[in-house]
Amino acid sequence: MFEAVKDTTRRPGSNRYLRRLLVLCNRLLSERGEANSVSIARDLVAGFRALPDDARGAFFGHLASDFSPDPAALLASAQAYAQSPGAAQLQQVLRDAEPPRQELLRRINRLPGGTADIVAMRRALLGRLGAQPELAAVEADFLHLLGSWFNPGFLQLQRVDWRSPAHLLEQLIQHEAVHTIDGWDDLRRRLQPDRRCFAFFHPQLPDEPLIFVEVALLPDMPAAIAPLIDKTATQPPERSLRTATFYSISNCQPGLRGVSLGNFLIKRVADELKRELPQLRTFCTLSPLPGLARWLRAGAPCESLSRVRAQRLAEAQQTLLAACDGKLERLSDKASLQRLPADAAQALQRLAAIYLTQVSPTTLGDPVARFHLDNGARLERLNPLGDLSEKGLRQSFGLMVNYLYDLKKVELHHENFVLGEVAHSRQLASLL
Amino acid sequence: MFEAVKDTTRRPGSNRYLRRLLVLCNRLLSERGEANSVSIARDLVAGFRALPDDARGAFFGHLASDFSPDPAALLASAQAYAQSPGAAQLQQVLRDAEPPRQELLRRINRLPGGTADIVAMRRALLGRLGAQPELAAVEADFLHLLGSWFNPGFLQLQRVDWRSPAHLLEQLIQHEAVHTIDGWDDLRRRLQPDRRCFAFFHPQLPDEPLIFVEVALLPDMPAAIAPLIDKTATQPPERSLRTATFYSISNCQPGLRGVSLGNFLIKRVADELKRELPQLRTFCTLSPLPGLARWLRAGAPCESLSRVRAQRLAEAQQTLLAACDGKLERLSDKASLQRLPADAAQALQRLAAIYLTQVSPTTLGDPVARFHLDNGARLERLNPLGDLSEKGLRQSFGLMVNYLYDLKKVELHHENFVLGEVAHSRQLASLL
Amino acid sequence: MFEAVKDTTRRPGSNRYLRRLLVLCNRLLSERGEANSVSIARDLVAGFRALPDDARGAFFGHLASDFSPDPAALLASAQAYAQSPGAAQLQQVLRDAEPPRQELLRRINRLPGGTADIVAMRRALLGRLGAQPELAAVEADFLHLLGSWFNPGFLQLQRVDWRSPAHLLEQLIQHEAVHTIDGWDDLRRRLQPDRRCFAFFHPQLPDEPLIFVEVALLPDMPAAIAPLIDKTATQPPERSLRTATFYSISNCQPGLRGVSLGNFLIKRVADELKRELPQLRTFCTLSPLPGLARWLRAGAPCESLSRVRAQRLAEAQQTLLAACDGKLERLSDKASLQRLPADAAQALQRLAAIYLTQVSPTTLGDPVARFHLDNGARLERLNPLGDLSEKGLRQSFGLMVNYLYDLKKVELHHENFVLGEVAHSRQLASLL
Amino acid sequence: MFEAVKDTTRRPGSNRYLRRLLVLCNRLLSERGEANSVSIARDLVAGFRALPDDARGAFFGHLASDFSPDPAALLASAQAYAQSPGAAQLQQVLRDAEPPRQELLRRINRLPGGTADIVAMRRALLGRLGAQPELAAVEADFLHLLGSWFNPGFLQLQRVDWRSPAHLLEQLIQHEAVHTIDGWDDLRRRLQPDRRCFAFFHPQLPDEPLIFVEVALLPDMPAAIAPLIDKTATQPPERSLRTATFYSISNCQPGLRGVSLGNFLIKRVADELKRELPQLRTFCTLSPLPGLARWLRAGAPCESLSRVRAQRLAEAQQTLLAACDGKLERLSDKASLQRLPADAAQALQRLAAIYLTQVSPTTLGDPVARFHLDNGARLERLNPLGDLSEKGLRQSFGLMVNYLYDLKKVELHHENFVLGEVAHSRQLASLL
């Protein structure tokens, strides 16, 4: 038992303590049968939890160096497989290629609560990645396994409302990333009958929402965020609700970064809403452009652009800079922004349109735009002065976007997006 | 949509139909993003279901030949990794080593109900393995992924009793493999207050038990099966119940063969029972020896035996054969067996003791013995005339075994068993 | 504690034992506060359960004689109320009028499980009523309170299907009163997707269905019962199901006789079905006429009949009797019935039509007809040879009836029925 | 339908409107069968809800005058019963004695949600009682029926914690009557692991708690309220928790005033806690004395007191008054109270002891004391300066009481209390 281990190695983080942890890793793996994995895994997890941050770095370093495949053995079996690519050779090469730490994680995952432990370990690992780039392969193994375990077929969609347990609602308040929830009264407004909130859960983390989405049911596609999160807003009559607007999507588990959850969530929520409210005609978002100002400040780089468009881009940049005396940060001032001349306001929209349609398919693109476009949405409308909060002014000079989810076309749009083409409305086309 | 496909390829099973299925496999994999995997996967699964048996063989054949790693690419990256074993090289070699069909299965698994589809596919695959040994690597991929998805941390233990849904109880009647359940009345007896039944479920297969175990609560360790499954037996008073006897473990999912479920089940059930009934002192089994007669007929082969024991084995064989005129099948006759002279009865027990203690650690061993011993149980008692059913007489000349689960020692016993040593009681020792 | 009581009065049923029980009754009532009612009530209920049958009669006799209102006190307060009918006088007269045994039952009802105890006591009481008519007032008090506690607002409708707990399904097999369920396989047929079964539950008796109704979903209104309960019948495609036919209603609690449950059940089930299957157009029954043969044997008495109808009745009787040589029992023979001449068959239908339309509103009427007609149903169709089971032949010479529930007209029909008028279809009118 | 009614009688509250409501009352009652009661009752309830307050008074007035028993008929049947007290006569007198409005309420109660409607009607009725004392008999009928429907056997105990639905927790914040809950953070403290909260529910009002009780688990019997409701208090280790202290009981349904719920709640909660935490030794309260100051200001009236005690009472009064210059209100000032000389402090305690032990059994007694003592609790300890909130200072000069629930003696104590005797500890005895 690890209790004993702890006695002899006074300090978690000492070399001796770390060595014991690695002994546990080896024991957990070396067991031929599987009968005792639970108790060893329990000690291992407890031991890891007690590690101070830098010792965790050392621990992960050992996972990278000591629990990787043996290059020589792998090479030998790859050669055998290349010579004679039969089933036996393939099974051997797979055995030799798989980093032993993958099996280590699988055995930890057998613990009651083991999945949560692994998510927590990965969170720590992600935090070390900047300082220790050599951990990339370890991190890849974590992501690989978590992606398999958190696959959408295993996730459960759950409606969240004022009848949900308080401890769950509390997590919503805490994790809302897009438009901060200001306490219980604010939350209550967001759970009124003209709002919906859904969360994804995994059976192994029954009390921990993975991701949640907030939806406003409205007569029309909204152009600004303020009325949607106004605590005192009155509710329109139910029969007038034709539009479901996804206005906030928040991840709750930093340890699951990179595991795609959101795209499935939106489609399942749309299906769910349609079943409940057949009168819904439109599914759209009201989304921020978190990267716009940054991109403009960087000089609006754009990889490949037709000559005509490149010229329009240059003109619009000029017009906008002229209107703010070359100081883009002025556009983050509400009053200045509201006084912006019409041509400059137009120029700003045109720049945003180019940014969204031309840059999104590249890695320079806006993360929110990439998320929805890759997900099969269509770029529908730009909304100037849509978000006058400090954050909205700073990130995108107040601009917001509606992405439209036409459920019959999401597959088509997605395939086109992968090929570099962004589906967009006539309004957007006219701006280009 | 596959609807269209079906129109043009009149016959499921035709070459054209099969080719379309493989196109779907490629489409499902080639999608860079993941947005459309669900609809493609749905068509693929529907298409597979419609395949006749021999066409399934062909389909799996293509999974083996077309969705294996590329030997040349793998060899190249293995060489790069051998030369410079960094994170980037490792990630590349892993990408090149993983058979693409693994990702194919992961994407099918995203479907609602996809896990059940994969279990059903594997069932079909296992049925083809005899005729097509080249499918071994495909089967290994199925087993690898199912082992990860059905890991014990994801499984839910559920008590089954007379309050359980009828559709679940019906499956128990159907799947009971050890001692047939003879209709609803018989089942009812097995769910009386002095009995327990538990099943493991997976969240993705909520209506399908994976495996279940039947337990009899008794004053003492039982020596025969008949009284345990007697429909009319009276129940002892609750306070006298000191022994929990596992008398039947049955798998319900042929498609999960080889995914270890039973060992975790026994320990979790024991924990559960202890919580409910703290007066329980003993956890044991009453188990068959399905391989004994077969082993004796094969001449009682035994890999390594001390000289003394080898001699005893030979003597016991002689005594037993003498008692049945060299015709072992006579011992499968109830009347003959009951008339067996004391020395021959003793010889039979000695042979069984050698079989269980010396042969179990090897692949020649009895499968039930291997299961419990590897699981950490101790060989406790031989019970002559313990199972006088036709099956019991045929398989083991009526002998039954009690394995004892001493929860404090299961880890130790398991580790010793892996080293080839079988934990056993004094009764067994005296027979050796 | 009653334990003590039992010690000193060896024999439950002895005078002494009975006297102790009555002491407990008085103690339960005399408590001014309510703090101890539970433990006293528990002893009282245990004491009652142990009573042999005849001693129960004596116990109920004491409830009648000793726990009735005091006539003198009641007369005095009734006089005071008559003189000056104020609130205070009224409250006094109510206190004096209420039989103390009502409060006794209310205090027993506080017990966990107390409601079930009272239902069981009433069952025993109903069994004594024939021999002890003086218990009528006691029985009225039981019925009064149970009617209040089992009021439809407190009842919960629950769908019963193959997913329901086995212990519940077992009760259905046991209690089905109209068309016997022949074991689990038969039950399974009745729970197929084209069948529905619903039960009412009371929160205090969570495991005991009060009443259940079986429904067949069919393309058309059925004319015979045999195809409906045929275990091997195939199921019509779901889209063709336009008619919901209630073909069996069974009470499960003899102790609730006279508490009306069935009428509410039918309407709530119809509402429930309409929600689930909007394509349903017709709600009807396929019902027996349990009283027809008896009525005919009694000479077809009918209180008030127009001259014309009385003559038709007489003629029809004559025709029918002629066809069976004056031996009505011959019509209970399947072969004879099937050979009946057309005029006699017509006469039988006419007699049934008169019986149902003219006699139903009176106490001579058929109980099933009274139930549905009072419930607002319309008499829709007679079905000769609809039930050729031994019971159907004996009770109604094979005739069955469809009652139609037109949900928009049930109130109107009910009100008319109370005034003596039976709603009926043209087919029925043509027979009159 | 009442819709039609509303059209013709423009104003709810007009005489015509009221007359229509009474017509509905009569229709609901006059229906011989019961088939239509639901739709009529629904109209009646909707009509009542629309009534302005004074018109409600008029409506209840009609319930009093028009739906009371007929004095003449009742007198006649009472005479018949007095002459010949048989079952038939008794049933007749019961029919004549029961106010028809009772059956009216029973039929309203058949509505889905009808029970909640009746509770709401009673709430309105209670509000009119002061102005219209003639409604006392109507109110008695409501109480009678609600007492029967909300009997403890029908109530469900439910634990309330941080996993409970937010809408339920919100009601706790709103209804807490003893020690106000100051928002969600405060509530959270009261639902920490060393606290318990339980509520009673009725199956017909599934979302509405009827009453709830808050419990602190502590090492010892507490002497002051402040540490118990301190949001920042640390939690003692679980194994040290030996005492369960009921520190707040709050009714949530004004319409159920007078229906006894609390006494059953305390005992069931105590049982529940004992099951969960067998180490609990003591069940007690920390309770206010809401009537003490009022009683002292009224001159400390006491119906019957031995000569010795009367003298002590007089002396204590004198001492106390002397200490505050005859101005009792000074004792409601925290600073003055904390400086009170020891003899005056002692006198205050003695007065409280006399108040609690001698006055409680009479109608002059403290309501909280009467509740717990009648419930079988023992008066255990007086706690000076136990509640220094503004309310505590004003009502009882800071004094608080512990009542002890010795579950083995509650019946005995209750019976003695009914006879006028208050169970108390030695500490209390020494003060007398």
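In this document, chain identifiers A, B, C and D correspond to the written order of the chains, with residue numbering beginning at 1 in each.
By definition in this document, a contact is a pair of C-beta atoms (placed from the backbone, for glycine too) under 8 Å apart; a residue touches a chain by one contact, two chains touch by 3 or more.
As the structure is a computational prediction, the values presented were derived from the model and not from experiment.
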item: Common touching chains of chain D and chain A; value: none
item: Chain B against chain A, contact positions shared by both copies (same if over half, else different); value: same
item: Maximum centroid distance from chain D, chain identifier (CA atoms); value: B
item: Computed distance of Cα centres, chain C from chain B, in Å; value: 53
item: Where chain A and chain C are represented by their mean Cα positions, the distance between them in whole Å; value: 61
item: Chain A and chain B: spacing of chain centres that average the CA atoms, whole Å; value: 40
item: Of all residues in chain D, the ones touching two or more other chains; value: none
item: Touch-based graph of the chains, sorted into line, ring, star, complete or other; value: ring
item: Residues of chain A touching chain D in the complex; value: 162-167, 169-170, 183-184, 188
item: Residues of chain B that touch chain A when the two form their complex; value: 31-36, 38-39, 64, 68-69, 71-72, 74-75, 78-79, 81-82, 85-88, 90-91, 93-94, 97-99, 106, 109-115, 133-137, 140, 145, 147-149, 151-154, 156, 203-204, 260, 263-264, 374-376, 410-411, 414-415, 417-418
